[in-house]
Amino acid sequence: MTVLTGTGLHKRYGNLHVLDDVGFTAAAGEAIGIVGPNGAGKTTLLNVLAGSVTPDSGTVRLGGDDVTRSGPQIRCRRGIGRAHQIPRPFGGMTVLENVLVGATYGAGLRGRAAHRHGIEVLRRCELLDLADRRAETLGLLHRKRLEMARAVATGPRVLLLDEIGAGLTDAEAAELVTTIRDLVAAGITVVWIEHIVHVLLQVVDRLICMDAGKVIADGEPTAVLRDAVVVDAYLGKGR
Amino acid sequence: MRVVRSDRSSRIGSAVLIVLGLILATVPQFFVATVVQQLTSLFIFVILAVMWNALAGYGGLVSVGQQAFIGFGAYGTVFLAQRDVPPYLAVLLAAVASAVLAAVLAPLVLRLRGGQFAVGTWVVAETLALLVVLDHSLGGGTGISLRGLNVFTPDERRAYTYWLALAFLVLLLAAVFVLLRSRTGAGLQAIRDDEEAAASLGVRVWRMKAGLYVLAGFGGGAAGALILANTLFIEPRSIFGVQWTAYMLFMVLVGGLGTFEGPLLGALLFFGVQYFFADYDAWYLIGLGLTAGAFALFLPRGLWSLVQVRLLPVGYHLRRDGPGD
Amino acid sequence: MSWANAVLQGVFLGGLYALFACGLSLMFGVMRIINLAHGDLAVLGAFVVWWIATEAGVSPWLALAAALPVALGLGYVLQKVVLTRSLRSGELTPLLTTFGLAIVIQNALLLVFSPDVRSLGSVTGSLTTGGFSLLGLTVPYLGLLILTVAIGVLGGLQLMLERTGFGREMRAAAQDPDTAALVGIPAGAVYARATAIAVATATLAGTFLAIHSTIDPASGPTQLIFAFEAVVIGGLGSLRGTLIGGLVLGMAQTIGAQIDPQYSILAGHLVFLAVLLRRTVTT
Amino acid sequence: KGAETSGGTDTLKIGFVSPRTGPAAGFGEPDSYVLELARKKLAEGLTIGGTKYQVVVVDKDSQSNPQRSAQVANDLINSEGVDLMLTTSTPETVNPVSDACEAAGVPCVSTVVPWQAWYFGRGAKPGQTDAYKYTFHFCFGVEQFHSAYTHLWPQVETNRKVAVMWPNDSDGNAIRASLGPMLEKSGYTIVDPGAYTNGSNDYSAQIARFKAEGCEIFSTFPIPSDFATFWRQAAQQGFRPKIAQAAKTGLFPSQVEALGDIGVGVASAAYWTPTYGYTSSLTGIGSQALGDGYQQAAGKQWSQQLGPSLALFDVAAAALTAAANPKDRNAVAAAIGACEVETPVGKLKWGSGPNRNVVATPILGGQWVPGTGAYPLDFVLCENSSDPNVPVAGQLKQYGTLT
Amino acid sequence: MSLLRLESLSARHGLLTAVQNIDLEVAEGETLALVGANGAGKSTLLRTIAGAHPPAGGRIAFAGTDITGGPAHQRVGLGLALVPEGRRLFPAMTVAENLAVAARRARPGEWTLSSVYDAFPALGPLRDRRASALSGGQQQLTAIARALLTNPRLLLIDEVSLGLSPAAVDTVYDTLTGLASRPTLVLVEQDLNRALTVAGRVICLLEGRIVLAAGTADVTREQVTEAYFGLRSPKAGA
């Protein structure tokens, strides 16, 4: 069963065709990786799926409903969680409060249930020690974790992650892999953009490669990575 | 491990505030006219400060045009009183009307951001002032007095105005407090810090901003109506004047932006400075300006940043119950 | 004919607004400082010019030439001593600082110069009161002069911002002073120079205001909203836009006045709001 | 309760509110000098009904702002417990102070607001003659302007077409409502393009209209900056009436000096000049001495404000002395209502004026001419229709013939 | 002689000491990899060296001059550049303008506007795009290019490969190491394989202190990985 689909998506900025007839489907419980060279349009695709950018044409469906014209807040409440590539924490609030925003608005929890959920999410994302810190004092990588924690706290059916693993040490990356595997095991569909391919491969069961606004490969991860076009466009020499 | 919202000092704080409110309610019985009148002015300042802080400090809506509602509340009262609505009822209705005005304006001004919002709201206020000037039944540019209150003796009038101001103040403080304690508070702060990110977490950005704007409109209107009841004469240029924003800015920033307690402190300070030094004419104003500058430079987070305790239980912390948790 | 005249006079009025808005635009659009003291700085500058002109008995133009370096210095010091610090602690703090500055200037002027009104128009003779006619319309010398100066100053500064290294540094420092320092820009000095320019243009505008009309210690705030409107109509960060914004506002007011004198300022406000709403719909 | 005040038994307190800062600060400027004179005299105390009272004057700045005015008035009433309030200059200051006094039952005397703007501006209905119980006013009104203008303007030959620039503010509205019709009745044609908003920066529309109509008289009630803007634009665009009659602007010499050459010859009107032949009954100072004293003390030219400000104290002393009990507010209010007193602006007598609360005082037409003494401009009275006791010093000259 | 020399350098964020008594020498021409766990203090250390964060104690000497108290822009003039964490481009300016700003006060050297576009061909087509419209990786490239344009003697890069596609990472490293007169490099790089190949020396930070400093030839991946957590406080494992 598919939860999230995008069909015939186009997005232009002036002359630049950032998304050029992109199609995308995600089945329930699937873990999908997206790779592609810088500027390929990965983040833009995520933006279109999450609702922060409206496509010039094409439709986005969530669980069968057309949500192309719905704003991000509506999509979030209907089950799309999203972590930004460049973290956007609520700087004036504590880490805990950041997560509670997701838990109360996104997941619709109230009172103690929200608090319990928030704490659980913080524990999962290894942020419990920083719960009372103002988010603006976090370093980049903690911000990335917070970005993910907030998205997880909204209780999503589909979780869209944008480069949350970059800059992690091997051990930290391993923890992240465990966390995301748990989420997938819990039935959440994960769509994950990441350049650190070996980390990505530990989680995803499908890989999409984009280049210049087009999907150039989509399928079983190792097969995609062996694809000559992908090697050429993305991995470069020496791989 | 659990999330806690109040610790002991904040419980004591709330209790003290409630008791203080009750004591204040008895003031007209026991104190001389001057105390009653001064406290009324103080309450009005506090209302203004609290409302502006709610807008700017929690919602990130830096409005330079809240005087639109002050003026509307005041002129609304005059308008209703001219139609034989009992004056104190008119005050109440005018505040509600200001909230309605805010709801009408919200779709227009809330599309603006940052500097555009600031200047846009200011221009809206000026436009309203000019419209009032054009209306001769409201006194046009001459200004107008609220005469209906002369049916009360001075003591009654003072006491009623006082109680009304206190009631509005308590109501608005409670509203802001409840708002901040409910999830709305967190949602608003999220919008203030990053609107797009808030939206992507499911916060209904527009609805919340509009709600806050309407509340602030109500508060501004109430303040305006009370100003009229307290001073009895208004004139468009000053009641719609941008100096109100300057005062609110002063009180809120000097007290502490985005804190519940800061604006209360700021209003108290502003009022005190005015009370004690206003007789020094130009020197007083220079002093006021220097105070503003000094706070901006040396204590930018405001007076409340000096006080470390949390007086009122807003905000969340994590309490670790035991090492084993 | 009178409609054409309204438009023409609106253009000249717009020149004055644009000039007034220039320094504001520089600080508001470029440095994100909402300078509530802008009007008062302009009046302060005009008072300085007036004082030099009367004390030394020289022409206002000479006095202006003498006052501009003073204004530059004042702006520089203002930024270094006061604004830099307040910028560090959030975007609202400069609002408080400049509010404080505004009342200090107003009341210091009151103490020093008394509440009397002054004008520089009294000594500039036929420039202020003369004009020539063109196609049946009156072209006032003063309006023409102000418009020319406005175009020169705003256009020149716009070119400076866009094309010169110094202009780029100014924009860079404005967007992110910390990072600017990391590419070698002395952000503090760049800011200070920008404020110096802003205060100098304010002095210029204040001087023209004092020729066009009168000044007294309380006249700073009255023109402030028009200047803000010009800046916002034109779009933040663009001095070319500010010039256009000033002209639009000036014409709106004179055309409004042509309909009924009461609608002059109101028409300006309504046009402003209309422009603003259209803009946010399209972008 | 209410009639007795809380002040000390043998001390009388007088409150004084005027604009000392803000846009109307020009009006309040000579007040410190006047206060000094009044305080010096009152320091001797007042003997009323055989009891000697100390008199204290507490003065406050209204900052030219109605809300501030009301606040300081309430302060004076409630904390200082003043027995009598005095206030002056512009409706923004005077009306709220009067309202506060009326509401609190404190007697109040005010001046320098055209009386219609004070009386009707505060809500009195047309035809009502005793709208207020505690507040009293003395000042010129529209009739006095009418009288002054109709006696002044015939001194120069014109086509009797009057261009008017009356703003939408308290003065402008009061004038438009009554002066216009009265002038028309006297045979003048009024060309009124409509009210404008204070602070407008362009007047081409009006100027074009005036030129098209060929107006030879110009009458205006602007704030100084607007007048300068208008008058310069008028010069640029070639509108040159034979009579330029300014009111409000033109009260103080600096406002006319600021205009430069085009200010010379502007006609104005005065509610007091040093040539008024009256003496302050409280201080015994004559008008000439008042003007000279101020020029000496302040180092600047006399201002019309000196007269009415000092007159307030004359009224205060007279009313308090006449009251059976100066601490009884009702008695003091009654005493003002029946008061008759000589002040620098003339002999004031309540009860004979347009209504119970108001004494209409004269305003006399005159012209600003090149100075002969220490100052660049002198004000010359050219007519005295509403007070023939004041000497006339010259004839109105056509505008533009004096330079 | 060492190009950079830190003597018991400390830096704080409020009450938290993020960098504690660091002693370090970096020799001219060397490449140093700085590694450490999340929040170890790497960014704070680099920012302190570059003058973007005030030191709480200790001294910084660069090319023989003490620069401890000097402002950041002066350090750029001396030849010290930082690619900060989070790229920090000037968002409202185009790529070309971002680069031109850096070029204006650049020291003389081989990096010019045209040589930068040659080295990073991906930037060419982006010239007139506003920085705020760039993708994450494009921003990273621009930031590195911008720092190179100041012709530094010592270049500090925080998270070199963050957001870059594998091919782009190769380009960047080739550019950084391939030059004849290449700058001395201090890199924060979490890709240990990469770090150990490129750098001559690796420094591992833990809670603001150096817990390992060794030539890359003398350590194994495992040793470095252990050092990340060497003294890891017990509570963090909870």
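Labels A, B, C, D and E are assigned to the chains in the order they are written; within every chain, residues are numbered from 1.
We take it that a contact is a pair of C-beta atoms (placed from the backbone, for glycine too) under 8 Å apart; a residue touches a chain by one contact, two chains touch by 3 or more.
All figures in this text were calculated on a predicted structure; none of them were measured in a lab.
Identification of common neighbours of chain A and chain D yields B. Note on connectivity: the fewest chain-to-chain touch steps from chain A to chain C number 2. Chain pairs C-D and A-B differ in how many C-beta pairs are in contact, and the one with more is C-D. Centre-to-centre separation of chain A and chain E, using mean CA positions: 28 Å.
Chain centres here are Cα means. That of chain D falls 74 Å from that of chain E.
Rounded to whole angstrom, the centroid-to-centroid distance between chain C and chain E, based on C-alpha atoms, equals 43 Å. Between chain B and chain D, the centres computed from C-alpha atoms are 37 Å apart.
Residue positions of chain C touching 2 or more other chains: 107, 110, 262, 265-266. Touching of two or more other chains is recorded for no residue of chain E.
For chain D, the set of residues touching two or more other chains reads 21, 168, 195, 197. The chain pairs satisfying the stated touch condition come to A-B, A-E, B-C, B-D, C-D, C-E.
Note for the complex: chain C touches chain D at residues 2, 5-6, 9-10, 13, 16, 107, 110, 114-119, 121-123, 125, 128-131, 138, 140-143, 212-219, 222-223, 226, 250, 253-254, 257-258, 260-262, 264-266. On chain E, the positions that touch chain A within their shared complex are 13-14, 35-39, 43, 85-86, 122, 126, 133-138, 140-141, 159, 161-171, 190-192, 225, 228-229, 235-236, 238.
Chain contact summary for the complex, chain C toward chain B: residues 28, 32, 34, 36, 82, 85-86, 88-90, 92-97, 99-104, 106-108, 110-111, 221, 225, 228-229, 231-232, 236, 262, 265-266, 269-270, 272-273, 276-277, 280-281.
On chain C, the positions that touch chain E within their shared complex are 165, 168-169, 171-172, 175-176, 178-187, 237.
Those residues of chain B whose C-beta lies close enough to touch chain D in the complex are 32-34, 36-38, 41, 130, 133-134, 136, 139-145, 147, 149-150, 153-155, 157, 227, 230-235, 237-239, 241, 243, 278-279, 281-282, 285.
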